[in-house]
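Below, subunit A partners subunit B and then partners subunit C, in two separate complexes.
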Partner chain A sequence: MMFAQILWTQTKWTRAMVLGFAALAFLMPVGGWNLMASQAGGTSPEGFIMGFQLVGPLAAFIACLSGFLMAAYPWSLDHAANHVYPLSLPITWPSYVTQRFVAGAILLAIPAVALLVGCLLALSFIALPPVLHAYPVGFALRFFFATLLAYSLSFALQYLGGRRAAPLLLGALIAFLVTGVVLQVLGLEGLQAAIARLFLQWPGPFAIFVEGWRLVDV
Partner chain B sequence: MTDAIRIRDLAWRAGREFAIRDLSMTVPTGAIYGFLGPNGSGKTTTIRLMLGMIPPADGTIEVLSHAIPRFCHRALARIGYVPEKLHLYGNLTVDESIRFHRAFYENFDNEEAERLRRRFALREDQLVSRLSKGEAGKLMMMLALSQRAELLVLDEPTDGLDPVVRREVLSALVEYVDSKKATVFISSHLVHEQERICDWVGVMDGGRLIAELPMQEFRSGIKRLRVSQAPAARDAAPFALLSREELTIHDEEWVVRGWQPEMREWFQRAGAEIREVQDLDLEESFVELLRGARVNSQEVK
Partner chain C sequence: MSDRYALFVVGALVVALQSPVVGAQDPRVTALEMARLVERSRVEEAAADTNRRELIETRNGQRTLSFVAGGQAVRFARRELSDQDTAAIADGLRRAFERLEERFGESGGRLVGHDTLILYGPRETYGVGSTLRSRLFSALRIGRWVGRAEVMETCLAGPDRGTFGCARYDLRYPPRAEDVERMALRTAGARLPSLRDFATGQVSLADEPDRWSEAARELSLSWASPGRRCIVGALGACEAVMTAWDGVGVAPEWIDPSDARSAVTVAELPVHSDSALVADKRECQRSDDAACDRVLLRVRLPDPYSRKLRGTLVMHALDVGGSGSIGRLAANPTAAPLARLAHAAELTPDSLLSSWRSRATTALEESRTGTWPDAFSTLIWSTLLLGATMRRRP
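Coming up: the complex of A and B.
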């Protein structure tokens, strides 16, 4: 009952966002492949590959953005009243936060499903080698996990960091950039690149945003 | 019978400027407890501490026999809370807010909610963000009353409401208390409003509870005395001296708390004479209490 209401409010608050991202996710493969296929001279596997070169990074960006916004918006509504309402409900804070998190995570599946449907639809126009037939499912799953990671990070920062979340994030970013400049002055720029690799390359925690989106990653 | 709220040696601090200090308070079960104090005296902070929304630095809080903040969710299941400002989600309608709210309360009374919604003339499809201040106040009160709570904690529930809405809200509250025998903790700086409905009073100032007494005592126990040949010392006085002011060479004006007619003898023994005893209305009593507390705290400093 409680969770149903939390899910319902989450749906009401973010439905426009969810539908918008779902539409984008659906159109990405269809539009991307059509565009590339027409440039490559028909619905060919080459067009399909080129389409993915375009769609892949865009999908990573949309996953990141949707995850961040889907966590930030409901939080901002609670935050507007200093979280007085959830804190006054007869439910522990961890329980409330968990239910809010799960409700948002469920809704995140909608753009991923839309992406899968878009991929399958786009596939139906092209004669692909059998070995590539499973790719759309993997692509949609990757999109879902990337969205979930961005959502979890944003959610954790907002709910655990509270009003300090934005300054913390900004501070970390500035510290990273300043460190880069200092290291460059000291002739140690390789260290920053190593740190970036540590986070952005497999098995780094944010590798999913960077790697493996294109059909052929080189 | 246990107390509905029991706070001992509560302490809390926000930065260097504001602190709740050594706050001890007892709200008897079934009482309507008026929590008075000027703006910024710490009333809302005390309420938030009491409901487990912020953790205390020191001291103990028990609400409906539940230790706070550890078991605040258990206590909150039995408490109807109306905060100072609208806390509900602005992008839900009145009907959606009711549905959301009732999901969290086992004893939520749908029929009562519907009755109060009609009585308060709240439209079901109206967005909460579009409600006027009075309507928002009525919606929060309606939700709190529909929970069938044993304890109502109301933080300035009528502040900023027009007299008609204020009367509607207060009469719904009084009816509820009559029928449910609930305890009410009502914070306000509107002294006359408290006078009408409360049977206990606690007065906050500068983060301290400076007085806690039955309303009857508050109403009749604070007097302004015109004293002739007033004694310099007030050792062993049977009352609390809130303030004294020189009127003429011989006469002084004293404001005292806990006054009883037989206390004239104390003045006679000290060689003084009381020329006049004036009743203070509740607002004057409140102001004098605050003045006395501030003078005393400056003397201590």
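Coming up: the complex of A and C.
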């Protein structure tokens, strides 16, 4: 009952955002194909892959942005009221945070479903050569989990950092860039590569953003 | 206040994610990058000239350090080497020697280290000033610093490759035994009995699982239909793929009517193309089949398949043939490459091609990264982040 109420509040606060990202995700495969297909040239399998090559990075970007905003915006509304609403509820703080997190995560599925429908629609317009395969379900699942990761990071950043979330994020970005330069200056490219692998390769946290963003592949 | 912070965070994220794209589209950045590339190319050419000169000097017996590893003479050029470096190189070559001898018998061992010449590349420094400053410039992408610890060009001169025809391989300094072993295994293919231009310089005897999945991708994505038919099991098409491409004119077996547009897209137009040819190419792209045919009669098509792809067939034939395969490969130097490889593998050409295709498709299947491992790790990370979040109250 309490969770339904929190889910309702979350939906009310973020419905415009969810619908906007869902519309974007739905249109992206067809739009990406239309933008790239004419440039790809020919009807070879490589032409088909090039035709969809814009869709992967676009989806990753939208996943990152939507996940981030879906956590940041409700928190900012809560924070504007000094968190009176959650503190007035007859539940513990960890329970509230968990329910708020799950409510937001459920709503993240809506853009992912829209992306899946958009992918299926785009694929229905073209006849793929026999050597190529389409992976709409895997692509949409990857989008959902990437969104979830961005959402979790943003959620943690907002709830842990509070008003310092923005400086913390900027600080982390600057520290990341400076560390890269310092390691290169010191000739420690091996260490730099090892750190990058730690974050970007499975089971690192950002592995979901790095590989596998292909709607069509061999 | 909180809205402003949220907007600030979003803005920072958008700028951080977009900046590489914006930078890439800026014409000033492109011009600067071009200038850097030209400069880099100039320095690399100068380095290559120095290498050639030193190679000649070394082969003439000047500035040479020799020792024997795995029964083969190894010569080092130019740079002074510590005892530790020399021992690491000798150890690496010995390992490669033993591994190939185990796989292919005595003729396999001979592929390693025979008159091996390791030529260290010159140290080039961009910019002026201390090493630290140069490194800083390099890190900030202002210049490029190539130091002793980063790049060592290595040249393995085979007995029948000629002075400048040696295989090249980048070996980091200080040399490690496992790197030298990999280098020796990768470049040993340069000393195999000649297959004319079939797979020159692209046969590796090291374990390289990625080569097989790459081969399957190349076949699948080729603009020419034989590759695509081959990957789905047409052995006649695989045979066509393994036919050396003469690069002149249009071979009918490569051009399926459905490939015409793609073929015209990759075709190299003559330098002085007349307007009719250019117009035909444009019409072809608009699905005019007759125009495509006219273009194809007048253009030169690039080889649809790389030597690297054909190199995998050589590697497969040697793997299947095992001990003695190198000797059999040398047995009939005038025969066609496919026949020679089949003889080396002791299979019929069809069986060889079939097993090669299966190996490539299996590697491709194995190389596919599914969503579930990443999804699982994302769930774990999200749970950890949620757990951390619950610990703090506002």
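Please note the rule applied: the second predicted complex is superposed on the first by the 189 of 218 C-alpha atoms of A that agree within 3 Å, B and C clash if a C-alpha of one lies under 4 Å from a C-alpha of the other, contacts with A are read in each partner's own complex, and residues count from 1 in each chain.
Definition applied: a contact is a pair of C-beta atoms (placed from the backbone, for glycine too) under 8 Å apart; a residue touches a chain by one contact, two chains touch by 3 or more.
None of the values given here were measured: they were computed from a predicted structure.
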Joint occupancy of subunit A by subunit B and subunit C, clash or fit: fit
Which partner, subunit B or subunit C, touches more subunit A residues: C
First (subunit B), second (subunit C), both or neither touched by A:V97: second
Which superposed partner A:T9 touches (first subunit B, second subunit C, both, neither): first
Touching partner for A:G171 - first (subunit B), second (subunit C), both, neither: neither
First, second, both or neither for A:A72, with subunit B first and subunit C second: second
Spatial angle subunit C-subunit A-subunit B, Cα centroids [nearest 10 degrees]: 150
First (subunit B), second (subunit C), both or neither touched by A:A156: second
Which of subunit B and subunit C A:P203 touches, first, second, both or neither: second
Which of subunit B and subunit C A:F145 touches, first, second, both or neither: second
Where subunit B and subunit C come nearest after superposition, their Cα distance in Å: 8
Subunit B and subunit C footprints on subunit A, overlapping residues: 77, 80, 87
Of subunit A, residues touching subunit C in the complex: 41-47, 49, 61, 64-65, 68-69, 72-73, 75-77, 79-80, 82-83, 87, 93-94, 97-98, 101, 105, 129-132, 138, 141-142, 145-146, 148-149, 151-153, 155-157, 159-160, 162-163, 165-166, 169-170, 173, 180-182, 184-187, 189, 202-205, 207-208, 211-212, 218
Subunit A to subunit B touching residues, read off their complex: 1-2, 4-5, 8-9, 12-13, 77, 80-81, 84-85, 87-92
Interfacial residue positions of subunit B with respect to subunit A in the complex: 51-53, 73-74, 76-77, 81, 83, 85-92, 96, 99-100, 103-105
For the subunit C and subunit A complex, residues of the former touching the latter: 1-3, 5-6, 8-10, 12-14, 16-17, 132, 135-136, 138-140, 147, 149-150, 216-217, 220-223, 228, 231-232, 258-259, 261-262, 264-265, 285, 364, 369-371, 373-375, 377-382, 385-386, 388-390, 392-394
